[in-house]
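In what follows, chain A forms one complex with chain B and a second complex with chain C.
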Partner chain A sequence: MIQLDRVTYTYPHAKLPSLYDISLKISESSFLAVVGPNGSGKSTLCALVAGFIPHHFHGTLQGQVIIDGRDTAATPLSKLVTPQVGFVFQNPFNQLSGAKLTVREEIAFGLENLGVPRSEMSQRVDRVLELFGLTELVHRSPYELSGGEMQRVALASVFVMEPRVLVLDEPTAQLDPWGTRQVFEAIRTLVQNKRVTVIMIEDKSEWIAAFADRLIALHEGRLVLDGSPRTVLTSSHLDEIGVGVSRYTQAARSTQSAGGWPRDLELPATLDQAVAGFKRARKFYEHLG
Partner chain B sequence: MPVTLFAPKLSYAFFLPRTSPLHKFHPLTKLVAALCIVLIGFLASWPHLPLLLFVFLILPLAAWGQLFRDVGRATLTVILPFVLSISLVQGFFYPGATHVIFSIGPFALKEEGLLFAYRTLGKISVLAGAGLLLMFSTHPADLMLALVQRGFPNALAYIVMTAIQLLPHMQAKATAIANAQRARGLETDANFWRRSRALLALVGPLVFSALIDVNERALALEARAFSAPCSKTSLKELHDSRGQVLARWAMLILLMVFIAWQIWEL
Partner chain C sequence: MNISVNDLHFSYPNGVEVLGGLSVEIGSGERLAIIGQNGAGKSTLVKHFNGLLKPARGAVNIGDRDTKNHSVAQLARCVGFLFQNPDEQIFKKRVFEEVAFGPDNLELSPEEIEKRVSTALAQVGLSDMRERHPYDLLPAQRKFVALASVLAMDTPILVLDEPTIGQDRYGLTRLGTLIDDLAQQGKTIIAISHDMDFCAEHFERFLVMKQGRIVMDGAKHQVFSHNELLAKAYIESPQMTRLALALELPGPVTTVNEFADVYAKTLRGC
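So, the complex of A and B:
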């Protein structure tokens, strides 16, 4: 379990805190998504959970971050990332080691650094290659892949180190819908089959709604919304903090204000939810004649 | 910015893959051999030894490694510019030379100078030939791995490998920036001053983006346990043999004996 206890953090030389009085409990084997406008503290939250704050970025930290009973500030970084917390960045290009010439070796890089024996390393790499659908690419150069493939290699090379928690900072920002689907499906497998806890910054609301268990919204360093993706994504507060709502929500909202949306039904955040809602509404009116 | 835009086909330094026995040798064996050949060539007092080493050792080894044409051509490319300059400069102006071959006006071509030029060129061919043969036949990653396994600092090996891999990307990025700026009207192929100004506009974005990348790269390396305080292992296995270990020691002893002989002869 991950627990943030009244955390306030200010970067060095910054006047205002980037995170302000955040308390949050994230249960094991769950998929938490984070939304918020630029500068709302999303990346700071991720850096905090990974231990980059306070170990890499200094500044002033108040409150505690506790992962599986250990205070991150009191645990050396080499025991946090990656044995415990895996971190995947927005740009896959920058997180490839740069020192490996094939996908297979690239994925093994972290295990080599941890001193894992060769036979075990080889087995673990093969398992992860299969899990992320990368078996065909093993002999390719990691730099000669498409964006989606490269991001899956980046994910695989962090996941192979078997962290209990995965922190992902907009991993699909540079991907097309096909690449985005590949990444989301890989993550769902990890949460459901491998009992990994995932924290992911993501702006693609339709994908969050379809895959995440829980969604929080940050605004100016404060936690402003917390709930199921559908509840948060259809909240009217979302507009106030500058995060756009999906077209499905917009369509249903107009219908609602005209009195056409079922009263007991939450607004939809995905296409499926919207279709279900509109079907119910149509049935109701057909019934009325 | 889509990542795939600047992912050029990479060539890993100078490595040329072949199916020769030379390619299969342990990198250290090849490194020690190259080192011995170069040092013997440089320290020999007999003036013909460097050239003989090149013709009767390096070139046959290159042929064995299916690299005869590559090594031959590359070595020529390296030494040709020297041939003319060294022969002329040393031939005419070698200090203390007396044996004149022929003279043009006040300038005289002298035998001692030509001999010196011949020896220097021999040494350069040995250095270039042995070095190129090593680089052509050995994958840089294998060489670095072999060195790290013998106590070479891991961080340094990492820097060498990333430089080999990332330089082509930096080049591609520079081209992309230059194209982008040309598209917005910056003149990049006018006279010298115009071009220098264009260079400045290119260097700025290139250096700044590289610096921003460095921070993220450092964190990413941390996330891959790069600084974990334990001894590292390797997925890749280098094939070594008792014969090769013996050969390496034999070559080093030969080198020592040769150096001792050269010193004794002085």
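So, the complex of A and C:
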């Protein structure tokens, strides 16, 4: 379990805090997604859970971040980072070691450092290569990949370590729908089968709605919405704070006043939800007509 | 100014072929979205437009300039290029200097440079950031700094590689409006993007790439009516196209406005 207890954090030399009085409990083996406009504190929240704050970024931290009973501020980073907490950066270029010549070696790099036996290492690397559709790229240089391919390598290099908590900062930004699906399905497998806890900044609302257990929204460093992905994603408040809503939600909203969306039904955030609602509204009209 | 690509081949030094004989004509003032799965060769193709890459075989012409015979600096007067990662093109210590760098190299008067920088920063909404260090800004703002430095060159052609990544609703709205305005001014806008909803709202022609080849090239509604072909190229149609299809609405539908119109008609027809 991860617990943030009244956390306020200010970066060094900053005038105002980046996070204000955040209290949050994240249960084990769950998938929490985080949305918010730029500068709302999403990456800061991730850096807190990963222990980069206060170990790398000093600043002023009030309140506590507790992971499995341990206060992150009082625990050395070497005990917090993988295998405990894995972190995937926004820009995959920052994730690569720079020390390895092939994709396969790059993904094995973390396991080498943990001293994992060679045969086990090989099996684990093979598994993630397959999971992320990277098998054909094993002999390529990590630096000669497209942006999306590099992002999948970065993810695989963290997944292979099998951390208990996985923190992901917009990991699918550069991925096509196929790559995005691979990532979300791999996360679902980790959460359900390996009891991993996932915290993910992501603005692809259709995917969050289909895969995440819970969604929070941040605005100007404050936690402003917390609930099921559908409820949060279709909240009118989300629009006001500058987070884009899906076209499904927009379509239902634009036809709602003319009876195009059932009044008693929550607005849709996914294709399936939209299809069900629009079909029901149409049936109602057919019945009338 | 037209872009003419003729039988373009490109391979990495290790022999991996990225583009396998590709031809396309892009007319002046077009709004073209290049779409396709990761590794399809989209970025490699557009890097030939400003001479960052030179054809291994075939030719790329920008107007009457063969890119093989022109330097990146020469082509930069015709083609503005926004990289996928803005940090690859930001290297000055002040936002103003960063945006002024290109115009400075055009040997313009200080007044003209000032005018261009001010206009470009206003276009991207960063007028009050001109004295800041680019790395003190958020990544999404840095992308707009990079875009401003492209705009300040006032090129007839703009290439935007994944411009929507990392932008929130405000950023996306600003970007969309800017693309519409630039198109109005007659600029050629070419974008690479996986954001089909954004592309459907701001682009007219779509070029679909798969494994270094063009598999489809046509107007928006024509391209998004070929669902099977798109699926084979690992492309997911815009949300409204998929919704209209699932509801068996008469096409073509790609945007919320189009959906609302068609849906209202079917309700009235009930």
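Quick note on the criterion: the second predicted complex is superposed on the first by the 284 of 289 C-alpha atoms of A that agree within 3 Å, B and C clash if a C-alpha of one lies under 4 Å from a C-alpha of the other, contacts with A are read in each partner's own complex, and residues count from 1 in each chain.
Criterion: a contact is a pair of C-beta atoms (placed from the backbone, for glycine too) under 8 Å apart; a residue touches a chain by one contact, two chains touch by 3 or more.
Remember, it's a predicted structure, so these values are computed and weren't measured experimentally.
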After superposition on the shared chain, which partner residues are touched by A:P177: those of chain B (first), chain C (second), both, or neither? second
Is A:G147 touching anything from chain B or chain C once the two structures are fitted on A? First, second, both or neither. both
Would you sort A:G242 into first (chain B), second (chain C), both or neither based on which partner it touches? second
For A:D203, is the partner it touches chain B (first), chain C (second), both, or none of the two (neither)? second
Quick check on my understanding: which residues of chain A belong to both its chain B contact set and its chain C contact set? 91, 93, 141, 144-147, 174
Footprint of chain B on chain A - complex, ascending: 50, 52, 56, 77-78, 81-83, 86-89, 91-95, 97-101, 104-105, 108-118, 121-122, 125, 141, 143-147, 150, 157-158, 161, 174
Which residues of chain B touch chain A in the complex? 1-4, 7, 9-10, 12, 139, 141, 157-158, 161-162, 165-166, 169, 213, 216-237
Quick check on the complex: what are the chain C residues that touch chain A? 12, 14, 16, 36-39, 43, 84-85, 87, 138-141, 162, 165-172, 194, 197, 234-236, 238-240, 242-243, 246-247, 255-256, 259-260, 263-264, 266-267, 270
Using the touch definition from the top, list the residues of chain A that touch chain C in their complex. 36-39, 90-91, 93, 140-141, 144-149, 152, 170, 173-179, 203, 206, 239, 242-244, 246-248, 250-251, 254-255, 258-260, 271, 274-275, 278-279, 281-282, 285-286, 288-289
